[in-house]
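When the chains are written out, they are named A, B, C, D and E in that same order, and each has its own residue count from 1.
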Amino acid sequence: QAVDLQFYFPVAVGGKAADTIKELTDGYMSANPDVKIDAVYAGSYQDTVAKAITASRGGNPPQLSVILSADMFTLIDEDLITPFDDYLTTDEEKEWLTGFYPAFMENSQTGGKTYGIPFQRSTPVLYWNKEAFKEAGLDPEVAPATWDEMVSFSEKLTKKDANGNVSQWGVRIPSSGFPYWLFQGLAIENGAILANAEGNKTNFDDPKVVEALEYLVDLSTKHEVMAPGIIEWGATPKAFFEGQTAMMWTSTGNLTNVHDNAPFDFGVAMLPEKAQRGAPTGGGNFYLFKGASDEQLDAAVDFVQWITAPDQSAKWTMATGYVAPRPATWETDTMKKYAEGFPQVLVARDQLDHAKAELATYQNQRVTGVLNDALAAAITGQKTAEEALSEAQKQADAILAEYR
Amino acid sequence: MTSRQSVAVAGEEIRLENVVKAYGDSRAVDDISVTLPAGAFTVLLGPSGCGKSTTLRMIAGLEEVTSGAITIGGKDITGLNAARRNISMVFQSYALFPHLSVAENITFGLKVRRVAKAEREDRLKTVADLLGLPLLLDRKPSQLSGGQQQRVALGRAIIAEKPVCLMDEPLSNLDAKLRHEMRVEIRALQQQLGFTMVYVTHDQVEAITMADQVVLLNGGKIEQVANPRALYEKPATAFAARFIGSPPMNIIPSTSLPLLGENAPDVLFGLRPEALELRSEGPVRGRVRTIEYLGADTLVACDVGGTDVLARLPSGRSVAAGDALSFGFAPDTLHIFDQTSGKRRDDLITQIGLQVQSS
Amino acid sequence: MKALKLKRDWIIGWLLLLPAMVFLFAFTHIPAITSLVSSFYSTPRGRRPAKFLGLDNYQRMFDDPVFWKVLGNNLWFALGTIPLSIALAIVMALWVNDKLPGRGFARMAFFTPTVLPLIAVANIWLFFYTPGFGLFDQLLGLFGLPATNWLGSPETALNSVIVVTVWKEAGFFMIFYLAALQAIPKTLIEAAQIEGANRWTIFWRITFPLLMPTTLFVSINAVINCFRLVDHIFILTDGGPDNASALLLFYIFETAFRFWESGYAATLTVALLVMLCLLAIGQFFFFDRKVHYK
Amino acid sequence: MTSQRISYDRTLNTVAAWTLALLWILPLAYAVWTAIHPAAYEAHFTLSAPLTLENFQKAWAAAPFARYFLNTILLVTLILACQFFLCTLAAYAFARFEFPGRSIFFTLVLLQLLVMPDILIVENYKTMRLLDLVDTIPAIALPYVASGFGIFLLRQTFLTVPRELDEAARIEGSSALGVLWRVYIPLAKPTYLAYGLVSVSHHWNNFLWPLIVTNSEETRPVTVGLSVFSAIDSGVEWSVINAATLMTSGPLLIAFLLFQRQFVQSFMRAGIK
Amino acid sequence: MTSRQSVAVAGEEIRLENVVKAYGDSRAVDDISVTLPAGAFTVLLGPSGCGKSTTLRMIAGLEEVTSGAITIGGKDITGLNAARRNISMVFQSYALFPHLSVAENITFGLKVRRVAKAEREDRLKTVADLLGLPLLLDRKPSQLSGGQQQRVALGRAIIAEKPVCLMDEPLSNLDAKLRHEMRVEIRALQQQLGFTMVYVTHDQVEAITMADQVVLLNGGKIEQVANPRALYEKPATAFAARFIGSPPMNIIPSTSLPLLGENAPDVLFGLRPEALELRSEGPVRGRVRTIEYLGADTLVACDVGGTDVLARLPSGRSVAAGDALSFGFAPDTLHIFDQTSGKRRDDLITQIGLQVQSS
């Protein structure tokens, strides 16, 4: 008999994503007539997790949902999700788990179990304006590869008028909303890891982390190559298009947007290195929810396997700009052809070799909230980097104590 | 108007028993007991602020009585809802519904009581004709003159033909001609239909011409209950005497007009201005202070022994300020009141009669 | 007899109230009480059920620096929004109630904040505030003034939010003043004019006192709204930098829907409710008797 | 003759009013600007910018807006009808009846103003599930139908209705409900209009609760469609968002334009001396 | 009252020139031109809805004129703001400020003009005494009776002592006694201070007793402008004749009362009820239909050749319905009007005089 599945998904890159999801689920259903999938659009990532938790507490959980990978510990803590492992019975299915980029799987597994399957994942990269580079006398085809280069390039790229008003900044690393994410890139590059894999310990006061923050703060205060204060995330691509900044750090989720709207030639590069290359991952995973029957969960797992398979995954990546989570996808002909015409998409994939898990702990939002506040305090000059981070570490310790 | 109503409404008797209305410490109505006979036209008369409206509102059920009881048709309705008392009312402030047209205002009560549309139209036409409103039926109250508004309020009350109708100064904003017509119409209507009318006015002409019974109030208390003729001819108190009749009766202390001889008790003499006639060597003597022209008559104010005395003389006479005049009067036109209580002292009349004649 | 009449009024009053009260209890009071009870418990998390904490959550609140910070922010926010938005609302209502040329346009302009969803509007204001190419900086740039990071620096972030809030609220309150102005008898204004009063005097001595019922209504709503209007903060500043523009309810939302700490969120909610009760309901019972209604 | 009336004071007022009006409409003007121009002109206000409807097409295609509009209209109609009914009765009780517990009940109503409905979503979700209403339009509406705001507002208005009119209607035989229906409600028309517009705007734009309590296209309101554009992973695309905003708010703006005249008609000019 | 004001206010002349006020198609005021002399007491008189209030409101600046011009003291104020016209006014609907106490209502204008507190208190006391309000000063208007409210409105107007004072039926809600007193007081005040008074009333008694000049309006047009005596004694039209005097003048078509012989033109005869005196074999003969008791007099309605004719007889006479009576009149009390235009026809008087005498 037919199995009914309810599946929540968020949209974080504009209208097209929702259509593609519908298209894909319809495709699955026509191939598997005994499964009925009700794909429910659930708003932003925030809204989706709110809806999922509310529905679960109200006794009406979905069977499947895409939720931020970083929320894994929260969902475990709430006892809402169940690992995939129990429903991957055959060896072939178990094998399937290993077919994902390890960087993505870091956020998907804990305690030896796999709770999340990477789906709409992204990673930050550096975009640069080739024309501005040319104008500043830089090689338009070469992006800064190190922190120092980024500073020196930026100094050349920063344009000031007679009054000292800046008309073009060198670089822009947005810091509104969730500054920890891009900052985590700097920390990883400096060889630091912000949280352990068990999600119960942070290293905010690691001197390498402090150094990374000092670098970030110096960009605007010492080197004066980045706008001071908190920099808005949502307006960043526009600022880039408007020539307000010559380089920007932002998610690969912006590729399509920049590609369509930048009025100039642009390049995409991996984030610059200090001790090493590095970047966090981000975005959403599939989770299986408790409270469903085994048939439903079996069907859900089957659906997840199907939708992350190369053909479907390629479709999804091309529609949204999210990084396809399995190398196999990149090997398909469609993807190859796509990358040929739009080589910038490969940068994110290549960067995955250096990428680390996004900061994720128990009580994730609170812990990252603490870090966000510390970063904002340092960026706006209310505290020094060291003060801010050691205070943040203390608070994080207090929150996580009960999980150790 | 005549063809409209074939059955008469049975008016109902209204009784007030020791009714008191207090606002805080002050009593607007102070222990009133009176019976308003069924089918009679009773006028509540009195100076401004004497409690007329308050009494009416208590009968209507819009104001709770502080103590006492009110019955209508023998039924105690003291605690009953205004809507259940089966009365109609014209408010001093009109209280027209600003959002309804004139026609809707008038037929409001009929609609509430689900009278059929045809009958509503019918009655509306009759009432509108009576009140001279046919051309204004579609207007809103804000587009009417003050007098027109008042006529609409009147229409709303009479269209219902209730056994009891209350009116609070319904004619005060109408012009003399219309007022005269309305006075006659309302009176005729009331007599024809037979409902009980309680009519508040401060206009003694209205009271006298319309009422079967006048309840004269003063300071929340009843001064006199009587039919108009008795009120005019035998006012029970000096207050009543002065209140009825325009211009008011002259009240002259016996010190100013020594009619009773030297060692008589101090009393007040009452003489209506129209009772005084020019008579050389008359007992009332004074010097003219002011003259007021009234059309048919002239009002002459004279200083009589320190008291202002008005006399109404035919306009033909030419008098001028400063003239010395003397007046006489028919003995039966003299009223005598007690100096302190203001009560009528008919016992002294004969005595005076003698003295005046002999002087 | 009198008692009978009273009783009937009672029953009518209660009956009239009944339907509304059923819904109020079902969807506000009872859920509110159940969720407030949780302020005495720890947050239940999956495998660990809630345990009774007594006043521990309250203790935590008093020790929470963020709580005190957002409370301070909220007071500043209240001072910045309430008087200004009410004053503007009255002025706007007077204008568009008058024979102003282009009155329809002005009315519509003032009304737009109510029609546009706050979330969408927040995005527009985000553009206005954007440093460099945002509308304000473009305008200021014409005068050679430097770019300002309105939303990104702690000094200006909250004030920028206040501006958006005033924009939103003034137009909203204007509607109620406009409706109330219609109920003032014209002859009263005429009488005042005859007495030689100018517009200013008429306003202060006649119009304003007669608008008191509305002002009471609006000011209570303004007090409540300044604790309730947080939607745009999510987009404009997300409470930042470092909680500089976070308000109490924003913090409650964060605690409840980001941190999923229902216990502590309930505690904060209790604090908010107690405060609002004191402010708004206190205000109501204090002023209601003084307001002239007829 | 009328030209003499254009005094200094008047001019000043007009100028001030217009200035403020222009300031107030700025966000809407900006929304219109971006919506009808290509994205490149989001921050460039040159008059020669090319016009386009593409943003609207994009927005319209992003979600089943036609269905969402229908749902929203059903929703706001349901809410408004229930609110008018419940709030009118309650406000009337508070304004003109004396009964024990009046202050307490009124405090409870004011409390509803204070309690943020969003705080209660988990509890209310449970209730809706109990009533088996999840994913229905009534589920979105029910928590809002007894509005403290409406009760409070109508109470304030009813209190300003002259008592004489109430009395006149009672004398004419109207019952308590009859007086309400024939006198109070017509006289409070401007307030009902104001409240209706505000309530409709509010629920038209409400987002979180409808999102959470509904799952299907058949029940969801336009705001859910609108939220598709609030992208986090990519930057803000003002032109499409604003096109979508205008599209969803358009009916409200038009409704306001239609009703605004009603506000300025005097309802209570005369009638009371 | 006398000590209060040492300097008199210079009244100012008001001129209306071809003033029209149209509401949609209908004209409430239809091309009125009239001069109200400085310092004079002018009464606007006319039936309900004739445009009195509208005219007054245009003078006050509360209503825009549709066309025409208004000047005060020679200055064209047609477009001027009400607040700048330096006038005071009593509204027909009182227009008391409901949120202010009686005292605050009365001194409102003084406060606006920043009169010192001491002087305000002083003047308030005088005015309150004059109007009998001292005990009510702290009340709110809603706690007053109708008449009390009207007195407050009156107080607010007279306290200011403006060069022009407008009053719209200020006395209509007062009782007869108070009305009489107020009539005298207002008149005295106006003469003493010398301001220009424009006074609207529908009460011809008020008009006649108070006015220096009466402007009689009918249907938005001027019927007659004259002093009271001329208005009463020489009404220019049949309308004016019936409007002045209560009960109104009898208008008898020459067909009902053939005084002029067989082939005389069809005219209307006017005879005031008080001009008719019982005289056996008098020219006016009829049968009594109704009798109305008025106190001093009795009003007898007779059917004279199909027309109702009223006669005012002293109450002493005993007449009963159905009696056949005949009346005579002095020749100078007869008025003659044109049948069609209603205009006075003094040219026919002598002719009639002859005929009546000879009959």
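Quick note on the criterion: a residue touches a chain if its C-beta (ideal position, glycine included) is under 8 Å from a C-beta of that chain, and two chains touch if they have at least 3 such contacts.
The UniProt protein names, listed by chain, are B, E = ABC transporter ATP-binding protein; C = Sugar ABC transporter permease; D = Carbohydrate ABC transporter permease.
Every value quoted in this text rests on a predicted model; they were computed, and no experiment measured them.
Think of each touching pair as a link: the shortest run of links from subunit A to subunit E has 2 of them. The chains that touch subunit D as well as subunit E are B, C. Taking C-E and A-C together, the pair of chains sharing more C-beta contacts is A-C.
Separating the CA-averaged centres of subunit B and subunit D is a span of 55 Å. A straight line joining the Cα centres of subunit A and subunit B is 92 Å long. Averaged C-alpha coordinates give centres for subunit C and subunit D that are 15 Å from one another.
Chain contacts: subunit A has residues 50, 177, 234-235, 238, 242 touching two or more partner chains. The residues of subunit E that reach two or more other chains are 81, 92-93, listed in rising order.
For subunit C, the set of residues that touch two or more other chains comprises 123, 126-127, 133-134, 185, 235, 294. By the touch criterion given at the top, residues 23, 46-49, 52-54, 92-93, 143-148, 151, 168-169, 172-180, 202-205, 208-209, 228-229, 232, 242-248, 272, 274, 292-297, 312 of subunit E touch subunit B in their complex.
Listing the residues of subunit B that touch subunit D in their complex gives 60-62, 81-83, 86-89, 91-100, 108-109, 112-113, 140-142, 144, 146, 149, 156, 160. Of all residues in subunit D, only 9, 13-14, 16-18, 20-22, 24-28, 30-31, 42-43, 85-87, 89-90, 92-94, 97-103, 105, 107-120, 122-124, 127, 142-146, 148-149, 151-153, 156-157, 159-160, 162-163, 176, 187, 190-191, 193-194, 197-198, 201, 204-205, 207, 223, 226-227, 230, 236, 238, 241-242, 244-245, 248-249, 252-253, 256-257, 260-261, 263-270, 272 touch subunit C in the complex they form. Within the complex formed with subunit D, the residues of subunit A that make contact are 6, 11-16, 18-19, 38, 40-45, 47, 50-51, 54-55, 57-60, 122, 177, 233-238, 241-242, 250-251, 253-254, 256-257, 261, 263, 283, 321-322. Residues of subunit C touching subunit D in their complex: 6, 9-14, 16-17, 19-24, 26-32, 34-35, 88, 91-92, 95-98, 100-121, 123-128, 133-135, 138, 167, 170-172, 175-176, 178-180, 182-183, 185-186, 199, 213-214, 216-217, 220-221, 224, 228, 235, 249, 252-253, 256, 262, 265, 269, 272-273, 276-277, 280-281, 284-285, 293-294.
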